[in-house]
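First chain written, first letter: the chains are A, B, C, D, E and F, and each begins at residue 1.
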Amino acid sequence: MKFKDLKVGDSNVELYALVIDCKTKQTVNQTPYFGLTISDGDDQADARIWTVNIVNTLKDKAIIPGEVYKFVVKVNDYAGKNQIIIGQVEDVDPNVVDLSSFYKSAPITEEELRKEIKGYIQQISNPVLKKIVVDLIGKNADKYFRHQAAITMHHNYRSGLAYHVYSMLKLAKQMVENYPSLNQDLLYSGILIHDIGKTVEITSDKTPSYSLEGNLLGHIVIGLTMLAEVVKENGFERTEESIALEHMIAAHHGELEYGSPKEPMIAEAVALYLIDLTDSKLTGITEIVSKTEKGTYTTPVPTLGRKALYVPKID
Amino acid sequence: MKFKDLKVGDSNVELYALVIDCKTKQTVNQTPYFGLTISDGDDQADARIWTVNIVNTLKDKAIIPGEVYKFVVKVNDYAGKNQIIIGQVEDVDPNVVDLSSFYKSAPITEEELRKEIKGYIQQISNPVLKKIVVDLIGKNADKYFRHQAAITMHHNYRSGLAYHVYSMLKLAKQMVENYPSLNQDLLYSGILIHDIGKTVEITSDKTPSYSLEGNLLGHIVIGLTMLAEVVKENGFERTEESIALEHMIAAHHGELEYGSPKEPMIAEAVALYLIDLTDSKLTGITEIVSKTEKGTYTTPVPTLGRKALYVPKID
Amino acid sequence: MKFKDLKVGDSNVELYALVIDCKTKQTVNQTPYFGLTISDGDDQADARIWTVNIVNTLKDKAIIPGEVYKFVVKVNDYAGKNQIIIGQVEDVDPNVVDLSSFYKSAPITEEELRKEIKGYIQQISNPVLKKIVVDLIGKNADKYFRHQAAITMHHNYRSGLAYHVYSMLKLAKQMVENYPSLNQDLLYSGILIHDIGKTVEITSDKTPSYSLEGNLLGHIVIGLTMLAEVVKENGFERTEESIALEHMIAAHHGELEYGSPKEPMIAEAVALYLIDLTDSKLTGITEIVSKTEKGTYTTPVPTLGRKALYVPKID
Amino acid sequence: MKFKDLKVGDSNVELYALVIDCKTKQTVNQTPYFGLTISDGDDQADARIWTVNIVNTLKDKAIIPGEVYKFVVKVNDYAGKNQIIIGQVEDVDPNVVDLSSFYKSAPITEEELRKEIKGYIQQISNPVLKKIVVDLIGKNADKYFRHQAAITMHHNYRSGLAYHVYSMLKLAKQMVENYPSLNQDLLYSGILIHDIGKTVEITSDKTPSYSLEGNLLGHIVIGLTMLAEVVKENGFERTEESIALEHMIAAHHGELEYGSPKEPMIAEAVALYLIDLTDSKLTGITEIVSKTEKGTYTTPVPTLGRKALYVPKID
Amino acid sequence: MKFKDLKVGDSNVELYALVIDCKTKQTVNQTPYFGLTISDGDDQADARIWTVNIVNTLKDKAIIPGEVYKFVVKVNDYAGKNQIIIGQVEDVDPNVVDLSSFYKSAPITEEELRKEIKGYIQQISNPVLKKIVVDLIGKNADKYFRHQAAITMHHNYRSGLAYHVYSMLKLAKQMVENYPSLNQDLLYSGILIHDIGKTVEITSDKTPSYSLEGNLLGHIVIGLTMLAEVVKENGFERTEESIALEHMIAAHHGELEYGSPKEPMIAEAVALYLIDLTDSKLTGITEIVSKTEKGTYTTPVPTLGRKALYVPKID
Amino acid sequence: MKFKDLKVGDSNVELYALVIDCKTKQTVNQTPYFGLTISDGDDQADARIWTVNIVNTLKDKAIIPGEVYKFVVKVNDYAGKNQIIIGQVEDVDPNVVDLSSFYKSAPITEEELRKEIKGYIQQISNPVLKKIVVDLIGKNADKYFRHQAAITMHHNYRSGLAYHVYSMLKLAKQMVENYPSLNQDLLYSGILIHDIGKTVEITSDKTPSYSLEGNLLGHIVIGLTMLAEVVKENGFERTEESIALEHMIAAHHGELEYGSPKEPMIAEAVALYLIDLTDSKLTGITEIVSKTEKGTYTTPVPTLGRKALYVPKID
């Protein structure tokens, strides 16, 4: 049962949903209740639990954001909108329900992403670049292939980070053909590791938020530190390859005012910046345009400074 | 004979060269002479004519920039550098000498460009978009396929404009695959005509400079006027297609401060801007990096605000 | 009866008012009602219709923003303020009521504006400039003399566009006297047509909003297209006059960041920009200052970035 | 005899000229000579004195910049240009030669300016404003009516400051008619004294340069100090009039980044800023455009950030 | 009794508190009541007076912001928070209650500040500088030692202005030692008077707000006027000392965009700017960090553009 | 013998000087010669070697920039200035001549700096912070105490980096007293290592220039990498101390546009930024002001965007 199928007057409806947020609140006369934001994988909705002690039967005696539960609900009308009232809540057996369907994910599966990205890594022939890339991704593979690329801006879904890298690599392939002075090994390597710091900047794949390092250092500085460690372990200090990769991570935001401590000073760093800019903007746009009717304006687009786009009526 | 093969002490050398510039000057004791900048197709050099009346035998009684001549020269040493002294000059028979080898041109021939771009036009299925594109390019085909894309920044050679369009279309193809909400017809059409105003902004293919319209209006405004004419002739006024294309020409510099009177407000206009930005920068970079030794810095790159790049020693 | 004469406890008051906005709303217990914003020509007020079916007797079975109606109302007290409750509503016979008094208008009538502006056009002696101006204004005369100059910023009332032009022409007359190198014909022509695109950018004179072309192209690009059509019809392409006028429309916002694709590059374009800037700011200020008591601060001024002004106590 | 009438080979020519600059220099073999820049009122030229002791007969035993002298010269050819060699120099009797013709001056005479400006002052009816204006201009009348308005930007000639004020007052008259909420007394007063600090910022009318106060404080701060003195002498402290005038001087550059410590916050201060901006730009433009042939570009215009303008071929 | 000791159900509690704000409001059924913001010196709280006529027994028949009163209150629960209901109010005898404890004050007393600052003044040996400083502070001593340094940003408490000066002088002492070319007399003098205009910009020490001069001129312009008066009274016009001090007041915001009409152009003015910047930022930070638990983020810091800081868990 | 003691006509003068630069040049008739820039420790001068083979007796058969030589010279007059002609050149025995006197150095000796800085390190009581600081400085001590702090801006002399740190620590001491919420251990530690990356960014103490890492990464990124290594060696990863120090290095330029990938987000990082800003500016100013006569303007100051300062005539 999806939220969009609920209607006023429904009662005793069984509903599986992911809890995004759960806060304790109080009515005017000081009675506590829970206000929840829940997701069925497609849409989000608000819901209320008036009888707070129904959570005592749960294994954690509480509702944990990031987890999926089975709810029994009725639907009231509140100011012309559906209001979901939760009467019962149960833990969910992961063997029975496909939990992954409640989390928004990249358009292709984690396995496919692992296979595609591995394919690009194998095309790197320079041994120093390849070793650095293999080690950095290998040490952080779980997070690398599951984390989002951002909290709210773009690729903000499971495996968003890896999908962003994969999408960039496809653009890079065409660029290397168009602009033959670009070094393919270096450009692919730079793309593969440019956002490695996000595995630490963003806390987890279930309830992503910024870590302390994320707030105080940001993914560029974190990534530089992670790269330095791998460089040292392999004895690659002060090689042209390690300096070039450090530069590419440092410069990939393109301009000082976007948080890069250096502007791109090698050709492949310029290319990396342009591919990253292109993929961030166009992925964010595609997600929103694909949900918008032709001949109307979109909701504000986060990667365009919250401007709205018009979708022309053109076939 | 190329300039790089000349050495001090050479005399009576026959040399075919394109004249870039020819100015009348005067020695300290008021004797007039000519100071020339000439090109052998690869390099440029300075040269002098001390006996100015040798030009009287030419058909124009003068040396015309943009033309190729046959020179008889000797080579002196001037402060440690070669100084080319021209003793005789003759008009060149275009049937005997391949003049085109003296003009810098796009990496592929005009014929190939015409064929490749035609192929992309044929992929446009929307009839309104296709008619507009065919008419606009058709009316201006000679200039469209021969003009430079800019005077000094990038693609500043014969057919540079068409080569820029072709290079952008190849990137667009990959983008449409990556971001399926992009309308291929609209994106291809926008790319094909976005710089159409440059056929008027830049005066000619031989000695390119900015026209009065170029200086006072710029290629965006000129292009909008050219598009308006074709739209009116076909009765396409106020169709979604014509408005979208007008918007794409208007917005293709991406930001107001770069001369776009509107920022991109449809997805394909954002994509057009990003592809144009990418191709301008990376073409300018490729031309310079390909002439630079690994492990050294390039000369200043015009499309990067005259910053120099480092070319890493990485195979 | 004006709004400012209503007082709590009034009932069965007949009131003629323009509807600015009418939205369907719902009470806490889901009863629908209408929330209106209405205007008596001087002031705006909120009003409510609790019995929604009273609109069924209207010819459109609905209340249409931009129209004037006769209302029968009573006045309640709501949190210390007047609340207008509408009990009856009737269509208005335009023969009986002077509808124009409900729309805010320019300080002088449309007829006077037509006469004054015609006077300035007759002072243009250059035949090319005069023909372009006469054709452009002639083709769009109804909108040109009735439209607002903007939705919210300045001259946002009936005939605001023409009044803005008239006010600018008066300043221009003094400028031509002060700065004799200015070409009066060119400056007058540029002022007369600089905002011609607003006749398409803004949809109508009754309920003005931005058209699709307004949003995607803006009045500068629209105006350039309209001018190009008139230039072509008269065979004036590539004359100094047509290029100069195109430049003046393109450059009249003065700086790239304000949406001009070119900065002013002829003296009359600089003058046009300065006169437009001056009239926009000082008209917006005059409207607000004239309603403000001396010794106090104004409400935020839209044309000054919403800063408030102080009105000194000086006679 | 004007410079433009001199030709190579002339000798024993008597020439009256203003000395702009005179520097001691040295030939390669250490012989001292003088390098001068001189002006005939229309044009400037370089000149040389090879025999330095000819200045010993002058009353100051030296050539003083800012003074007019009688020279006896011959004209040599130097690299194709006239070179003026001075053989004799004499002091000039001011009763015999009209020295004022050697200084560039405002288009109307100082007497006319005094009369016109007096006329505007008499239109001020508010007694506090009038007293402040009369005192401030009265105390500094000589400098006020003789100084330039700037060293290089605009109105950089004798009485330029007063001419700038006069030109602004004419614009203000039309503005007060257009925008009736403007207080004429306050606007006229503000214009009359807004640049009063320039009488101290710029050192003299003969060889103008910036004083120490000019460099460290600027004419806005200097003007505020001069106003404060007059306000105190009259006991007008903390009147609305004195505060408004202080604000108008402080805010007349319009934006913080142009050196105004406050942005305009009263209507008349906004008007003053716009009139000052307009007169500065259009006067600077008029001076240059009037010397430029139609159909060509001007030299760089200082008040437009050194951009060149195009002067259209339009009658 | 402090606010933090109140709990729901308390009644007949006697409470001394400073009134920050008192507004007349109205219940839904139009009954008037008072909504107050009160302070016990440490914390602020909201309170209500339902029975408005209890104020009639006060000497002013009204509650005056900036005054301390004795209240008799009860404490209700309102949506989970304490709600203070005032039942009685009495004037306070200043002989009985130490009113100063209700106003937030600088960390050291006014007497200590007077003594410390006097000590620094005595170290100034240049007689002109010393006389100017002594006169300027002497004439405005009451306000100088009691006013806040700002309404909301930093040092926004009693004697905040003098404490800011004192704190800056301590930094200056170390700077003069570090950078021996700084003139100690000039730097101390500049610090002592740089904010003198705030004694007029901010209206009073009890209920501080911006005066008309504050809004229209700002403390830099006001300070320059105050300085000019003292300079004139002493006959110090156009001395190096007076020009330097005028420059230091004018330039102490460091950049045009922060309201300085001149950027620092003497070494001591640069030092003054840097010391002022440092003390403003670090005082604002210290006040907030000292109330924040280690390992958490602060509330937004006004002097850092409302960014939050992290307070590390480091001993 | 110092340069300032040389006069025209001197010959056979023995002179010890440091070679800053030595370039091969050519006379008009192609004879090679050497053009040198040499320093006597106080001043720089140009010199020439007309007989190039006199260098063949040197141990390197060439003159090496960064080395000190003994020259035998005569002094000619060239356009009114001294021209040093070198007739003989010899290698210098470092046992005989105190070479260090030819290099510009910090105001106090390297030994004193080592001792002072050691004293501050000993005041750090937090063991994690102390260990990091001791290790980082210990590993790089030679460079840390000998390198310049910059190539051209400020502290551009031997031990300039350490002197900059020492000067900052003295300011920090006063700040910790003024603003008690600052953690002294953290602030001292941050100051001590904030520029550690300059030991790699700048190549050497003799002929300093930017290394490849300096150009591509900058001292912030290099410093972060060096810190990461020490953190890892000690097992301090992800401690509050290591994250805080990483943040302080990253943020010490204060704003993104000055190359900091993060703006300061902890109080001590704000303090570090302000102290660094203050010391850079005031040291650069002190060096120049101390050489400038009172009552005149300085040469352009590099740390003030090349503005000139005025030095008032105030005792």
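Simple rule for what comes next: contacts are C-beta pairs under 8 Å (C-beta built on N, C-alpha and C of every residue); 3 or more make two chains touch, one makes a residue touch a chain.
Not measured: the values here are computed from a predicted model.
K.L.:
Spell out the chains that contact chain A while also contacting chain C.
P.N.:
Common neighbours, chain A/chain C: B, E.
K.L.:
From chain C, how many touching-chain steps at minimum until you land on chain F?
P.N.:
2
K.L.:
With chain centres defined as mean CA positions, report which chain is farthest from chain E.
P.N.:
B
K.L.:
Relative to chain C, which chain has the most distant C-alpha mean position?
P.N.:
Computed centres place F farthest from chain C.
K.L.:
Where chain B and chain C touch, do the two copies share over half of their residue numbers, giving same, or under half, giving different?
P.N.:
same
K.L.:
Quick one: chain A and chain B, Cα centre-to-centre, how many Å?
P.N.:
For chain A versus chain B, the centre distance works out to 42 Å.
K.L.:
Which integer distance in Å separates the CA centroid of chain B from that of chain E?
P.N.:
Comparing mean C-alpha positions, chain E is 64 Å from chain B.
K.L.:
Between chain B and chain F, what distance separates the C-alpha centroids? Give it in angstrom.
P.N.:
46
K.L.:
Taking each residue of chain E in turn, which ones touch at least two of the other chains?
P.N.:
212, 215-216, 243-244, 265-266, 310
K.L.:
According to the definition of touch, which chains form touching pairs?
P.N.:
Those chain pairs which touch are A-B, A-C, A-E, A-F, B-C, B-D, B-F, C-D, C-E, D-E, D-F, E-F.
K.L.:
Quick check: in the complex, which residue numbers of chain E touch chain A?
P.N.:
77, 79-80, 310
K.L.:
Would you mind writing out the residues of chain C in touch with chain A in their complex?
P.N.:
Residues 26, 28, 30, 212, 215-216 of chain C touch chain A in their complex.
K.L.:
Contact residues on chain F for chain A in the complex?
P.N.:
212-213, 215-218, 220-221, 224-225, 228-229, 232, 238, 243-244, 246-247, 250, 256-262, 265-266
K.L.:
Okay, in this complex, where on chain B does chain A touch?
P.N.:
126, 129, 167, 170-171, 173-175, 177-183, 185-186, 240-241, 243-244, 263, 265-267, 270-271, 274-275, 277-279, 281-283, 285-286, 289-290, 295, 304, 307-315
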